[in-house]
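Some structures are shown below for you to check.
In what comes next, subunit A is part of two complexes: it sits with subunit B in the first one and with subunit C in the second one.
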Partner chain A sequence: MSMAALRRLLLVAYTVLVFAFIFAPIVSTIVFSFNADRFPSLPWGGFSLQWYEAIFADATIQRGLINSLIVAGVTCVIATFLGFSAAYIDYRYRFLGKSVYLALAALPPTVPVVILGVALLTFEGRVGLSGTLQGIIVGHVVLSTPFAMALVRMRLADLDPDIERAAWNLGASPWATMFGVIVPFCTPAILAAIFLTAAVSFDEFMIAWFVSGVNETLPVRVLAMLQGQVSPRINAIGAIVFGVSITLVVLAQLLLGRMSGRAARKKG
Partner chain B sequence: MATPMIELDRVAKHYGNHAAVAEVSFTIDKGEFIALMGPSGCGKTTTLRMIAGLDQPTSGEIRLWGRRLNEDAPWERDAPLVWQSYALFPFLSVRKNVEFGLKQRRLPAPERRKKAEEWMERLGIAGFAERGVDQLSGGQRQRVALARALALEPEMLLLDEPLSALDPHLRVRMQSELVRLHRELGITFICVTHSHSEAFAMADRVVIMNEGRIQQIGAPREIHRRAANRFVAEFVGGNNIFTGTARVEDDGSIALAGPVGTVHAPSPLEGGIVTGAAATLVVPADRIELAAAGTGCGNEVAARVVTVEFVGSTVTVFLETEGGGELHAQRSLHEMENTPLAVGQPVVARWSPQQGFFLPA
Partner chain C sequence: MSEPLPAPATGPTPLKATSRRATGARFAVFWGAPPVLWQAAFFLVPLGFLVAMTFWSVKSFRLTPDATLANWTFILNAGFFRNAYVYTFWLSALTALIASVAAFPAAYTLAYKVSPATRRFMIFMLVVPFFTSYPVRIYSTQIFFSPQGIINTVLVPLGLGPLQVLNTPTGTVVGYLVLTLPLVVLLQTFALANVPRILIEAAHNLGCGRLRTIGTVIIPSARIGLIVAGTFAFVLAFGDYVAPTYLGGSRPPTLSILIADQVKSGNNWPRASVVAVMMIMTLMVVMLVMIGLAYGRRKERA
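What follows is the complex of A and B.
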């Protein structure tokens, strides 16, 4: 075997191992969610959907799933709107303190979520949002807006600053330009931001745990269950959560890929 | 006197302490092809953008048919611009780009389509109406940009360095196409360019700017034959500029003792040149003939060939006089083919005194 082929083989093996370590726990969760046995051990006790039946029969889990979906659904719309607005302001205007503005807008994900969670709990307790779904949504919007902003900013960086003025020059008012030029141009980034912020919200545990009170989201419910007992139902929930998140992230990735593919063609 | 179409009345644009346009006044008549020309940073593009409403004048007034235009928003003006970068909408097809302005005017879809079709046909881009603009070549994009602006059937068209991004052979073609469009449409063209060959080839009148001020306004011929000052004489190129000491001769003409020896030229109409004063003489390079020997009349300077440069059908011959002065002559290639010149060869450069003119002091 030549050196080059050996190097190639080692590289492939290394890559496979890295992915194996990352995905092994997830795969085992999914595999054991279909296991008939009570305990996750080999050999497999046979195929069964009983744990899925069990979680769909459990009202608290159902409630948690619905809460999570509501929170993610509302969060992604608000966060994407705010992120788009923040990115557009950055694109369009030059003003004193702009670097401070950008740093503040990008800050929330760099704050440890525990701190963010405690802060939100204290603050929301004062304004009467604590323990409500709205309270969780507020927290998730704070956390996920910077991701939406980053995606839209990336897209706007590819937009020739003359384009907007060209639209005005052809008789389009600023509003007509916004909806006829800027938004259509940013559509892939906006959709990607919607999916990504939804995924962030759907998976988020810490903030939800602090502020949810009785309105538990799915991740909070899962932790509550774990504290009581280790049940294969957890595996079934994990598989579902993983399915939803991976779908959202892959959709976001596909849109971003299309975006950068087009940008590359333009440069080429 | 009839109202001119566009008037710029002491228009200035300051950015902080920097005056992009110091103070500019000129008028443009309907149907004129005006070129705003100057080196980069001279304020020509800012002037154009103020006409389009994309920049606000700091002071002064811009009028259209006598009506103050300053406060009109860009989208309320009828002054479409062809951008240097083309600024086409990247997510729209060629057709949608051309229809964009018509759509803003709420023209019904069938009419929009018809008009867009007409203009795409006229500019030779109908063949790829459905393509995205990122699939087009530079020349094709330029045509889309033109069609997009002209589809509005405006009374003026603004062009910002329309040819600078094109290949040289396309540039010449597009240049004549712009001239043809201007003649056929009869609307006002205002074109910003840094290239004097472009400006002089296309425009009826050229406005030469430098450091935010107008240096000269005139027809290309006029500017070429009578530069208003040293900047213009240097910027338009093709001029020999001699500075020396003047002496008023008995017949009223002026003799200038300068770097190429003593040469003669008529006194400027406005006078002002006295014996012993410093004066600057301009002799267009294409008025200088080269001969093997002198004849004893007119201006004659003995010199030696330094380099011979061929550009297109023009030949520029750089000469050095015995006294170390430099001058250059432009002749046609055809003429030079009959009398080839070798580097180092002695020649006599000669021109009639009438061909030179003094710059105002």
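What follows is the complex of A and C.
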């Protein structure tokens, strides 16, 4: 074997090892969610759906799932609207303090969620939002809006500003241009943003943990279960959450892939 | 890109122009105001509130607005805070270093040694962990390292175990790596893929060896991305609560554990706020220093 081939083999082997470290917890969650044994160890104790039956029979988990779906469903709509608006403002206008405006819109994910959680808890306690689903939604929108903004802004970068001007010159109002030109052009990015922000909200546990009170979301329930003893039910929940989130991300990815594919074809 | 708009070519009458401008202003406010209002109301105000609360006092279990420095002097002089601060900072820095070093060969492989289609697929794969419940991943890691877990069932017969990782700082770092490694590999891959190929080929043509090319051409060219990746690892680890709690066993506690304990059971929100504000200030300083490192010398050269 030549040196180059050997080197490549070693590098690829190392990369596989890194991916194994990253994916081992995910794969084992799914595998052991179907394991009949209580303690997940080798050898595998046989196929079973009992942990799934157990979580579907558990009222607190059901409530958590429903709460999570409500929170994610509302969050994704608000966050995508706000993210779209901020991206469009960035695309269309130039004004004093724009960098501050954009920083304010984009900054929240750089603040640790534990701090956002405490800040929202103390604040929401004063305005009567803490312990409600609305209180969780408020925090999740803050956290996920920047992701929606980034996706729409990337899409708008491919739109020639002259197209909008042409529409105005032909007498279209800004509103007509918005809904006749901008929104249709951004539709794939908007849908991708809806799926992505829903996934961010659906997985978020720290803000929800601080703010939720008795209205636990599913990840908060998982956190509470982690404090107890080993339970394969956590694997079953993890597998379901994984299924939901990945479906959302794959949908977002497909839309973005179609988008960039089209842009590449246009340029090429 | 977003230049001020030229006046429409077909000049409207002055009256129309005013009403048009009014429509334009209303339009701009409709789209521009909601994001900034939302983030101001639910991000800036709560953070400001957090800062204000560090000066409040707790009188007979009730929060009272105040202007006292007692919380600051208490926390900054408390041994448990100082220990937690040093411990959290050190472990996060260590994580950033380990993640950066461990990710590099993988990012190098993805950037240069695989086909573009494989690279795209692997990049997609690296996004997957962000949308997999992180507490569940930590739970799985906990099971792996438990005394009867998979790792020890393999190691003990070989005479290498049992490995004691759970409830130690090592466990915390392993958890931090579960959190940060995917992002670091991802960012490093982007950074390396953006290094102009022509520079690398030129180095090779001039007889520069592979390792030397990495050290003198690739790493300096990709410096910004590599530093950003390491900084993100630090920021994520510094704020994480799950790994130090469930893999590190909360002993010694990290800053995020102090906050959660003070808020969830201790009910001393002003003190928790002091810890939170210290964390934010630390992260701001770290990010400024890293930005300086990333962009600093480049300006001198230019």
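Of note:
Here is the rule we go by: the second predicted complex is superposed on the first by the 253 of 268 C-alpha atoms of A that agree within 3 Å, B and C clash if a C-alpha of one lies under 4 Å from a C-alpha of the other, contacts with A are read in each partner's own complex, and residues count from 1 in each chain.
Everything below uses one rule, namely that contacts are C-beta pairs under 8 Å (C-beta built on N, C-alpha and C of every residue); 3 or more make two chains touch, one makes a residue touch a chain.
Just so we're clear, the structure is a prediction, and the values are computed from it rather than from any experiment.
In the superposition on chain A, A:G238 makes contact with subunit C only, while subunit B stays out of contact range. Look at A:D162: by the touch rule set out above, it reaches subunit B but stays clear of subunit C. By the touch criterion defined above, A:A24 lies against subunit C but remains apart from subunit B after alignment on the C-alpha atoms of chain A. In the superposition on chain A, no contact is made by A:V183 with either subunit B or subunit C.
Of the two partner chains placed by the overlay, neither subunit B nor subunit C lies in contact with A:L49. Contact comparison for subunit A: of subunit B and subunit C, C touches the greater number of residues. Once chain A of one complex is fitted onto chain A of the other, the partner contacts of A:A172 are limited to subunit B, with no touch recorded for subunit C.
Legend: residue contacts after superposition of the two complexes on their common chain; A:F210 is shown touching subunit C, with no touch to subunit B. Overlaid on A, the two complexes show subunit B and subunit C touching the same residues of subunit A, namely 165, 168-169, 171, 173-174. Of all residues in subunit A, those touching subunit B in their complex are 159-160, 162-163, 165-174, 176, 180-181, 184-185, 187, 262, 265-266.
Residue ranges of subunit B in contact with subunit A, taken from their complex: 52, 54, 73-75, 79-81, 83, 85, 87-91, 100-101, 103-105, 134, 148-149, 152. Residues of subunit C that touch subunit A in their complex: 1-6, 8-10, 23-24, 27-28, 31-32, 34-36, 38-40, 42-47, 49-50, 53, 102-103, 105-106, 108-110, 113-114, 122, 124-129, 131-141, 143-144, 146, 148-150, 153, 177-178, 181-182, 185, 210, 235, 238-242, 246, 256, 259-260, 263, 269, 272-273, 276, 279-280, 283, 287.
Residue ranges of subunit A in contact with subunit C, taken from their complex: 7-8, 11-12, 14-15, 18-19, 21-26, 28-29, 32, 39-42, 78, 81-83, 85-86, 88-94, 101, 104-105, 107-108, 110-116, 118-124, 126, 138-139, 141-142, 145, 149, 157, 161, 165, 168-169, 171, 173-175, 178, 199, 203, 205-206, 210, 219, 222-223, 226, 230, 234-235, 237-238, 241-242, 245-246, 248-249, 253.
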